[in-house]
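Here chain A shows up in two complexes: once beside chain B, once beside chain C.
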Partner chain A sequence: MKKRTEGFGPVEYALFTAVTLAVLLLCICVGSVMLPLKETVAVLWNALTGADNEAYALAANILLPVRLPRVLCVALVGACLSLCGAAMQGLLKNPLADGTTLGVSSGASLGAVLAIAFGFSLPGFPLGGTMVLAISFAFVSLLLILSLAYRLDSSLSTNTIILIGVIFSMFASSISSLVITFAGDKVKTITFWTMGSLQGSSYENALLLLGALTLFGGILLWHARELNAFAVGEDNARSIGVDVRRVKLTVLIAISVLIGVCVSVSGTIGFVGLVTPHMLRSITGPNHRRLLPAALFGGACFLLLSDLLARTLLGPRELPLGVITSFVGSLVFIYIFCKARTR
Partner chain B sequence: MLEVQNLTVRFGSLTIVDNISFSLAPGQWLMVVGPNGAGKTTIISAISRAVPYTGQVLFEGRDIRHQKTRELAQCMGVLSQNHYVGYGFTVEEVIRLGRYAHAPGLLGGKQHAGEALVAQAIAKTGMEPYLKQSVLTLSGGELQRTFLAQLFAQDPRLLILDEPTNHLDLVYQKQVFQLVQEWLRQPGRAVISVVHDLSLARAYGTHAILMQKGRIVSAGATQEVMTPDNLNAVYAMDVFDWMQRLYGQWAPGEGEGTL
Partner chain C sequence: MKKFMPYVLCLLVALLLLGCSGKTEEPKEEPTAQAPEETVETNEAGNSHTTISVTDMSGREITLTEPVTRIVALTASDCEILYALGAGDALVGRGEYCDWPKEVTEVPSVQSGADTNIEQIIALNPQVLLMSTMAQTEEQIAALENAGIRVVVSDAQDIEGVYEAISLIGALMGRSTEAEALVSEMQSTFTEIQSASGDSKTVYFEVSPLEYGLWAAGSNTFMDEIAQMLHLTNIFADVSGWGEVSEEQVIQRAPDYIVTIAMYFGEGPTPEEEIASRSGWENIPAIQEGRILNLQNNELSRPGPRLAEGAQMLFDFVYGEDAV
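Showing the complex of A and B:
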């Protein structure tokens, strides 16, 4: 029998990296002020090597403090959310599972809204309070939603999950609205933030996202085979020797942390985790050893292009990023739902 | 090999399996038979640790509750009656998952012994032509053979089968039972299965336990357990008469039978 590797090969990694870099470069160049490619590359190179950017002062002033950190954050948030979606869809054997459809993002959002409204913060760490509450609320939401869904329907069918997710989202949103009503002068900050945007992102944010992705994204990638087993069936996973409870808990914690960190940095950006894994599955197949790495790159590209649209569609006016992803995502959602029903 | 002592399974106030004990030795194929609601599948679920229970289940003298899931999967494998695979994995990918217990983690599944076992499992079950096919396109019988191949690749010493051919037509029914019988010929192996079809239980089982309302009515060699008196009492009908009428119509030279 011919042996073949199940995972991503070096050629695939190179190809996906090249495409992501190309999209990244495009997003750095295009904006309210167009930067020529040559100039952009020169500025980036000079910044990397520590050389002087005096010759390209204007480009450097737009690119280095504003556009580059934003684009990096967008790519990282996209990668995180897409990876979470792919892992959740495998774990729950449900192609419609995602932070948004399950209500986890709304839960995380509620945590962050509470943190902003009540001024909860950690000393010396500006995003700390929002992040801790967002992560905690994401995890508790996920546990609540899944235990309720299990209680109603142990097979965790699509309809049950979506229904509970919608109900939980409405519940979390109603509390968020209540908090916002009494938030006084913080209303504007909260409202803009709940629509999802990465405007004003910093290198610190990018570093934070990168750290979370390396650690918790790494945990998800490490569990690719277990996710395959879950995607085939939980009973089958137990039978072949997967420690079902431990793996489920580990994956859920990793997902909660990643969604919590993303929500605290970028606000609620919906449907990224639904759209990209679905698109990529038709290229890589459902095997998580291929799907998860592809989801990293695919999620980054999808969100980068969405952000580009958000910045340029009505330029110089900027649309909230969440509006674009939710628009595309809801269409894809209807498509998958109809396809699943007719199968 | 397998020792079940005072096994009781309760769901709330309902007792599904009531203080039963039995054992299984290598070379035996134990058929668990009885009417609906007797608790047959629940026994299987308890042995495979899918439901909580009281009492003890020992595999080769060790309490299975104290064993790691992976260690247990190296000893015993379960084949259930229904499979609903969520995504279009290839047949090969599903079969290869059977090696998880022996080589877990992201980098696992590349040992030589494992490769040989996977190849053998594919050859035995005749799944070679389907390897690259999506499991979503398989018929019920082909899907069951895929999971049987996964189980063979897992290489356990005890097979636990829960109504393995419940929805399958005669061809696949025969294939699955013959494959398991052939697998059992290797020394140190045993099978425990729940079956509704009493004819299959009599044909393939070396031993049987007859259950009713969560208790064992009779246990021992198949011929001693599946007697007219035992079966008639448990099923509350003349089982032998019904079977003879049912299958008698197929006797050579017979035309149309009457039921």
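Showing the complex of A and C:
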């Protein structure tokens, strides 16, 4: 076997990209409505070359405006959540950390719930209001958590952040529940929304996710070396010259934006950020320069396959995506955990 | 800080004791022995000695000595039935989601489902509590019965069940004549539109809009039953009850009519506009012909007397106002 470089080599990138693309194609070809493979390929080819799709009107109407944007959004949300989880677990040196631990997910959810309950909307954007409020609440939650943590403990130690994050998470959820209790008629829509769904995803959603992932995901990947230092310990990171507070702030802000965007597009989908990094760590090892890129692709594949099950398992019905991710995720997790222990 | 701790502790203990005593006193205020006595008294005071004996929809026998004058109803449909029978005045408490007719919202709410405020119901001192199956736990029902409140279950699963619920409530309230009239009125509306319905087209009932995950009404729903009456085929007849369905399936099944029960809150596109603007839906016949109906007030989702109204609205929408 070739000597392993520290980072993610071009071969590995090519391999992971190929696997992700294969899963992506599978998810485009298989769906609730079975379309012949020939038609699928023809429609995609025609769309790419700009040709007319008149011969396959039904397939074109299902594939291009419905299935393709959804599959893209699923892949991007999976990548974002999993990357955030991996970065978070390294930064906070805690295997249970992910977006929900910091309270950012609950903050974003609260924003979205408020937007739905009070009918806050931006003219021209049907989902704009929810999105803007979710992202800004994710931001505000982070600011609150960090400033509180800073007041209590100016070194921003990990335990303080996790403690305040968990408490804030409960606080935000309780306000969400309160809003839902008083929302009356709108309670139905909010309940459906909190279950998490990627139905009705659009290309604009996918573009937004892609933009956020490129920018803030890039920041996270850029800080992989610092995360390695954090994973050993904060004191260690400080002693080898990492600007602990600045890195922590940057990483936390990047995570909160990514999670805010994901929540506004898909609602809350649990378990992806927690489980996929653990699964991948058994393949790539704990080095973040290898783990983070792997988490990106692995998260995409995991959520794509979960969504495929959610879409196809029960015929014309759809299952909530969170049900599948939690169910499959916990089983796979236990399997990996036991295998790693007995080895 | 330490100096104050004993005082704070004392205060806490005192508060705790107060809280406990409050709780233990409540059952004493509603002694089980007193409640039956009261009913005997009213029985003697009332001049009619005809007893009312009904079997509720969970098969329990209920015997009352006189028509009910104070009642609490937990489900929205039961409230609607009470008002339709002209017995709305007897309603002293309602479930959280009862919203029709408008007067019902002035009646105090006792919450719904798991949050139902049993203490408040007991305090309202009704003779009967109307609820659906399994709305409360056995213990809660026992507590109500101990307080002298009869629990009557009304739980319509189909239109036959709605008729049954109407006659049950009519009997309880001493308004059987009105109940019979209401049922036969509903029946005649249904027969009329059924006989006037012609060609078989397909319909799609949307319960939750795409933005929050697409939910449709399948078979074994009131919407499906009314659709069959109008000779319409529900495209999701293979789904039982309400369920989240795939957008792709709607496009493939291409319904001739779309009925949405989404609420409109006055901002943004109306539910009809939102459905018409979905990408990929352009070739669905209902969208091309603009045949989208928005029923906003639970006409077709609630097992009450307004089902006939909803059926009529759907009929007018499909076959035109002049068909009957």
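Going forward, the second predicted complex is superposed on the first by the 275 of 343 C-alpha atoms of A that agree within 3 Å, B and C clash if a C-alpha of one lies under 4 Å from a C-alpha of the other, contacts with A are read in each partner's own complex, and residues count from 1 in each chain.
The working rule: a contact is a pair of C-beta atoms (placed from the backbone, for glycine too) under 8 Å apart; a residue touches a chain by one contact, two chains touch by 3 or more.
Computed from a predicted structure; not experimentally measured.
A.B. asks: Of the partners chain B and chain C, which touch A:Ala229 in the superposed model: first, second, both, neither?
C.D. replies: first
A.B. asks: Quick one: classify A:Arg238 as touching chain B (first), chain C (second), both or neither.
C.D. replies: A:Arg238 contacts chain B only, not chain C.
A.B. asks: According to the stated criteria, A:Leu64 is in contact with first (chain B), second (chain C), both, or neither; which is it?
C.D. replies: It touches chain C, and chain B stays clear.
A.B. asks: State whether A:Pro320 touches chain B only (first), chain C only (second), both chains, or neither.
C.D. replies: Once the two structures are laid over each other on A, A:Pro320 reaches chain C alone.
A.B. asks: Contact-wise, after the overlay, does A:Arg311 reach chain B, chain C, both or neither (first, second, both, neither)?
C.D. replies: Second partner only, chain C.
A.B. asks: Could you pull out which residues of chain A sit against chain B in one structure and against chain C in the other?
C.D. replies: None.
A.B. asks: Chain B touches which residues of chain A in the complex?
C.D. replies: 1, 3, 6-7, 93-95, 221-225, 228-229, 231-233, 235-236, 238-244, 281, 285-287, 289
A.B. asks: Quick check on the complex: what are the chain C residues that touch chain A?
C.D. replies: Per the touch definition, chain C meets chain A at residues 97, 99, 208-215, 236, 238-239, 243-249, 251-252, 263, 265-269, 274, 278-283.
A.B. asks: Show me the residue ranges of chain B that touch chain A in the complex, using the header's touch definition.
C.D. replies: 48-50, 68-74, 77-78, 80, 83-90, 93-94, 96-98, 100-101, 104-106, 108-109, 115, 118-119, 122, 147, 150-151, 154
A.B. asks: Give the list of chain A residues in touch with chain C in this complex.
C.D. replies: Contact set of chain A toward chain C: 31-33, 57-58, 61-62, 64-67, 119, 121, 123, 126-127, 184-186, 188-190, 192-193, 195, 197, 199-200, 202, 311, 315-320.
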